[in-house]
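Quick one: this structure, given as C-alpha cells, is what I'll be asking you about.
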Amino acid sequence: MRKKKRQPLTQKVVTDNQDDILMISANIDDQTPEMLAPVMPLLLEQGAYDVFFSGIQMKKNRPGIELNVLVDPGDQEAMIYTILKHTSTMGVRLQTWQRRIMRRHFETLTTSLGPVRIKVARYQDITKKTPEYEDCQKIAVAKHLTLQQVYQAVYQNL
Amino acid sequence: MRKKKRQPLTQKVVTDNQDDILMISANIDDQTPEMLAPVMPLLLEQGAYDVFFSGIQMKKNRPGIELNVLVDPGDQEAMIYTILKHTSTMGVRLQTWQRRIMRRHFETLTTSLGPVRIKVARYQDITKKTPEYEDCQKIAVAKHLTLQQVYQAVYQNL
Amino acid sequence: MRKKKRQPLTQKVVTDNQDDILMISANIDDQTPEMLAPVMPLLLEQGAYDVFFSGIQMKKNRPGIELNVLVDPGDQEAMIYTILKHTSTMGVRLQTWQRRIMRRHFETLTTSLGPVRIKVARYQDITKKTPEYEDCQKIAVAKHLTLQQVYQAVYQNL
Amino acid sequence: MRKKKRQPLTQKVVTDNQDDILMISANIDDQTPEMLAPVMPLLLEQGAYDVFFSGIQMKKNRPGIELNVLVDPGDQEAMIYTILKHTSTMGVRLQTWQRRIMRRHFETLTTSLGPVRIKVARYQDITKKTPEYEDCQKIAVAKHLTLQQVYQAVYQNL
Amino acid sequence: MRKKKRQPLTQKVVTDNQDDILMISANIDDQTPEMLAPVMPLLLEQGAYDVFFSGIQMKKNRPGIELNVLVDPGDQEAMIYTILKHTSTMGVRLQTWQRRIMRRHFETLTTSLGPVRIKVARYQDITKKTPEYEDCQKIAVAKHLTLQQVYQAVYQNL
Amino acid sequence: MRKKKRQPLTQKVVTDNQDDILMISANIDDQTPEMLAPVMPLLLEQGAYDVFFSGIQMKKNRPGIELNVLVDPGDQEAMIYTILKHTSTMGVRLQTWQRRIMRRHFETLTTSLGPVRIKVARYQDITKKTPEYEDCQKIAVAKHLTLQQVYQAVYQNL
C-alpha cells in the first residue's frame, strides 16, 4: 500500500480558496473502541485531512460508531484500502464535497514567552490570527505554565 | 445465578412516592457494540428498572460506551454478577440515588379503536394520563394505522 | 454582508414538493461552546432553514463540535461568509442535497383555549395536522398551563 | 404502499465491489423517542440497508434526533413514503453516495459447539473472516453460554 | 408553587469554597424535544444552578434524553414539582454532590471598547480572570463586531 | 502540587474486590476542545483511574462538554487542584461511588507471534482472559500486521 506523510493542511500555505474533498464513512458495530482508536492516527499519518468519530444508535440496540474520514480525492484508493484493512467494516461509502477555505500563511510573533507562530487566515474582508497550538503547548511544558496562561500572553501581543 | 422476571415498574400500581434505587455503571472500551447490545434486554428481563447507553470519549482516542443500569437495591448482587459475566468490564461502580415517584394506577379508556389502558399518575395537584404504549402499538399493527393515528384517536377521548 | 430576514420554512405555504438544499458543515475544535452558541440564532435570522450541532470525537482526544447549516442554494455565499466570520473554522465543506417536502398550508382551529393555527401537510395519501408550537406556547404562558395541557386540549378538537 | 422483504445485505453473496447507495435523512424535534423507535425496524423490514439515529442539538435548545436511512436507490419512493408516514417530519433530504464493498461469501465452520457460518470478505489482498452474529447468539442461548464464550470457541477454530 | 428568581451563581460573590449541591435526573422517552426544550430556561429561571441534556440510548431502540438539573438542596421540593409538572417523566432520581468552588469577585476593566466586567476567581495559588460573556456580547452587538474581536480586545488589556 | 506516577489500575494485581472511588465532574462551556484535550492525559499521568468526556447540551444553546474523572479518594485534593488549574471551570462536583472489581493477575501466553501477557480476572465462577492491548499493538507494529490479526492469533491459543 502506498504510504505517504502529507504535510498537515493546517501547516500549509493555502493560496486558492476552493477545492474538492472526499468524505469516506462507515458505520462500525463489530469492532471494539480500543481497536478502532488507533485507526484515527494511522489515517492522519497517511495524509487524511481530518478523521472523526460520532456515536450513533444502530439497529438491534447497538451503540455504534460512525467513522468519518476527509481526504484528498487523489488519495481515494489508498484510504479505502486502509479503512477496509484496519477496521471491521465490509464496505465504505464515499462522497465528494466542495470546500471553501480561507487563504492562510504564517507569521512569527515575539511574545514575552518567546517566539510563537501565528496562522493568519483571510477571506474577503475577514482576517483571523490564531496562535499555533503546538508552539503554545511546547512553551507551556517548557515553562511550567498552563496552556491558558500561554494563550493569554500571546493574545496580549497579537 | 438467581433469575427472576420482575413486573416492569411502569405496569405496577405505585402507592408510595419515595424509595431508593441503585445505579450500577461501567465504561466499556473492549467490547463490540454488537456484543454489548444484548446485555440491555437481558438486564431488563432480570428485573432492572432501566438500562441505558451513553457514548463517551475515553482515553487514547477511544469512542467508548457508558453502561448504566438502574436496579432495586435488593438486586445488587445478581445484577453485578450479570454485568460482570456478560460484558468485558473488570469492575463496576455503584451508587444509591433517592427516587421520588408519582403514585400511579391504570384505567381503561374506550376509544373508537377499542379499549386502551391509561396510566394515571398523581403527585400533589399534578395529574398525568398516558396511553399505554404497548396497547397503542398492538392497535396500530392490527388496524394498519400509524402509531400517531392511534395516539391521536386516544387523545380525542382522554 | 447581505442581511435578510427570510420567512421561516415552517411558516410558508409550500406547494411544490421537491427542491435542492445546500448543507454547509465545519468541524470546530478551537472555539468555546459559549462563543459558538450565538452563531446558531444568527444563521437562522439570516435565513438558514436549519442549524444543528453534533458532538464529535476529533483527533488528539479533542471533544469537538460539528456545525451543520442547511440553506437555500441561493444563499451560499452569504452563509459561507457568516460562518467564516463568526466561527473559528478556516474552511467549510458544502454539498447539495435533494429535498422532498410535504405540501403544507395553515388552518385555524377553534379550541376551548382560543384559536390555534394548525399546519396541514399532505403527500400522496398522507395527511398530518400539527398544532403550531408558538401558538401553543403563547397560550400556555397566558393561561398558566403546561405545554402538555395545551396540546392535549388541541388534540381533542383536531 | 409497496412492501417487500429484502434479503439483508449481510446475508447476500456480493460479487461486485462498487455500487450506489441513497442516504435519506431528517431532523426530528416533534416526535417522542418512544414513537420514533419502531420506525427503525419497520424500515429495515422494508429493505433498508441500514438505519441509524444520531443525537443532535437543534435550534431553541431542542435535543433532537437525526434519522438516517441507507437504501437501494431503486427503493427511493417507497422509503420516502414510509418515513413521511411514520415520522413527524414534513420533509426529507436525499443524497447518493458511491459505495465500495468487499466481495463476500459464506463458509461453514465446524466448532466444538456445532456448525457456525463464517462470512468471508475479500478486497485486493485483504481477507476478513467474521462469525455470523445470529448463529453465535443461538448457540449462546441454547448452551447457556455468554456470547463471548461462543466467539472465543469459534476464534480458536478460525 | 413557590417561584423565585435566584441570582445566577456566576454573578454572585462567592467567599466559601465548599458546599453541597443536589442533582435531579430523569430519563425521558415520551416527550418531544420541542416540548422538553422550554423546561431548561424555566428551571434556570426558578433558580437551578445548571440544567443540561444528554442524548442516551434507551431500551427498545429509543433515542432518549437524560435531563439533569443541579440545584440548591433547599430548592429540592420546588424543583421536583416543576420537573414532574412540565416533563412527561413519572419519577426523578436525586443525589447530593459535594462541591468545591473557587472564590470569586468582579472587577471592571477599561478596554478600548468600553468597560467590561471581569470575573476573578481564586483557589490556593490559582487565579483566573474571565471576561463576562454578557458584557462582551452587548459590545459585539452595539459595535457590529464579532464576539471573537471583542474577547481579543479584552484579552489585550487583561 | 504533588505529582506522582501511579501504576495504572489495569496493570496492578488486584486481590480485594471492593473499594471506594471518587468521581469528580465539571461542565465546561468556556474552554476550546483543543485546550481541554491535553487535560485528559495530564490527569491520567497524575494517577487518575479513568477520565472521560461526554457531549452535553447546556443552557443558551451551548454544545458543552462534561469532564468526568475517577480517582482514588486519597488523591482528591491533588486532582481538584489540577482540574481547577488546567480547565476553565470555576468549580467541580464530587461524589464517592462504591466499586466492585474482579480479582486479576497476569499470565504470559506463548503465541506464534511471541509472548503476550494475558490479564486473568475472576469473580465468583466467572473467569475472563484478556490479551494486553499494549503487547498486541507492539507486535502489530513490529510485524506489520493489523491489530485484528494479532488478536486472532492470540485467541487461537487462549
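Assorted remarks:
The chains carry the letters A, B, C, D, E and F, assigned in the order they are written, with residues numbered from 1 in each.
The rule is simple: a contact is a pair of C-beta atoms (placed from the backbone, for glycine too) under 8 Å apart; a residue touches a chain by one contact, two chains touch by 3 or more.
The model shown is predicted, which means the values in this text are computed figures rather than measured ones.
Listed by label, the chains that touch chain C and also chain D are A, B, E, F. Among the remaining chains, the Cα-based centre furthest from that of chain A is the centre of B. More contacting C-beta pairs link the chains of C-F than the other of the two pairs A-F and C-F. Two copies of one chain, chain E and chain F, form a contact in which under half of the residue numbers belong to both partners.
In this assembly, E is the chain whose CA centroid lies farthest from the centroid of chain D. Centroids of chain A and chain E (each the mean of its C-alpha atoms) stand 31 Å apart. Chain geometry summary: the mean Cα position of chain A and that of chain D are 29 Å apart. Centre-to-centre separation between chain B and chain D, using Cα means, comes to 25 Å. Separating the CA-averaged centres of chain A and chain B is a span of 39 Å.
Among the residues of chain F, those touching two or more other chains are numbered 30-31, 34, 38, 40-41, 53-55, 57-61, 63-64, 85, 88, 95, 128, 133, 148. Across the complex, chain E is touched by residues 25, 27, 30, 54-59, 64, 66, 80-81, 84-85, 88, 90-95 of chain F.
By the touch criterion given at the top, residues 57, 59-61, 63, 128, 148, 152, 155-156, 158 of chain B touch chain C in their complex. Chain F meets chain C in the complex at residues 28-34, 36-38, 40-41, 53, 55, 58, 60-65, 88.
Chain contact summary for the complex, chain C toward chain D: residues 10, 21, 23, 40-41, 44, 50-55, 68, 70, 95, 97-102, 104, 119, 121, 123-124, 126, 128, 130, 133.
On the side of chain B, the complex with chain D involves touching residues 34-35, 38, 85-86, 88, 133, 137, 146-148, 151.
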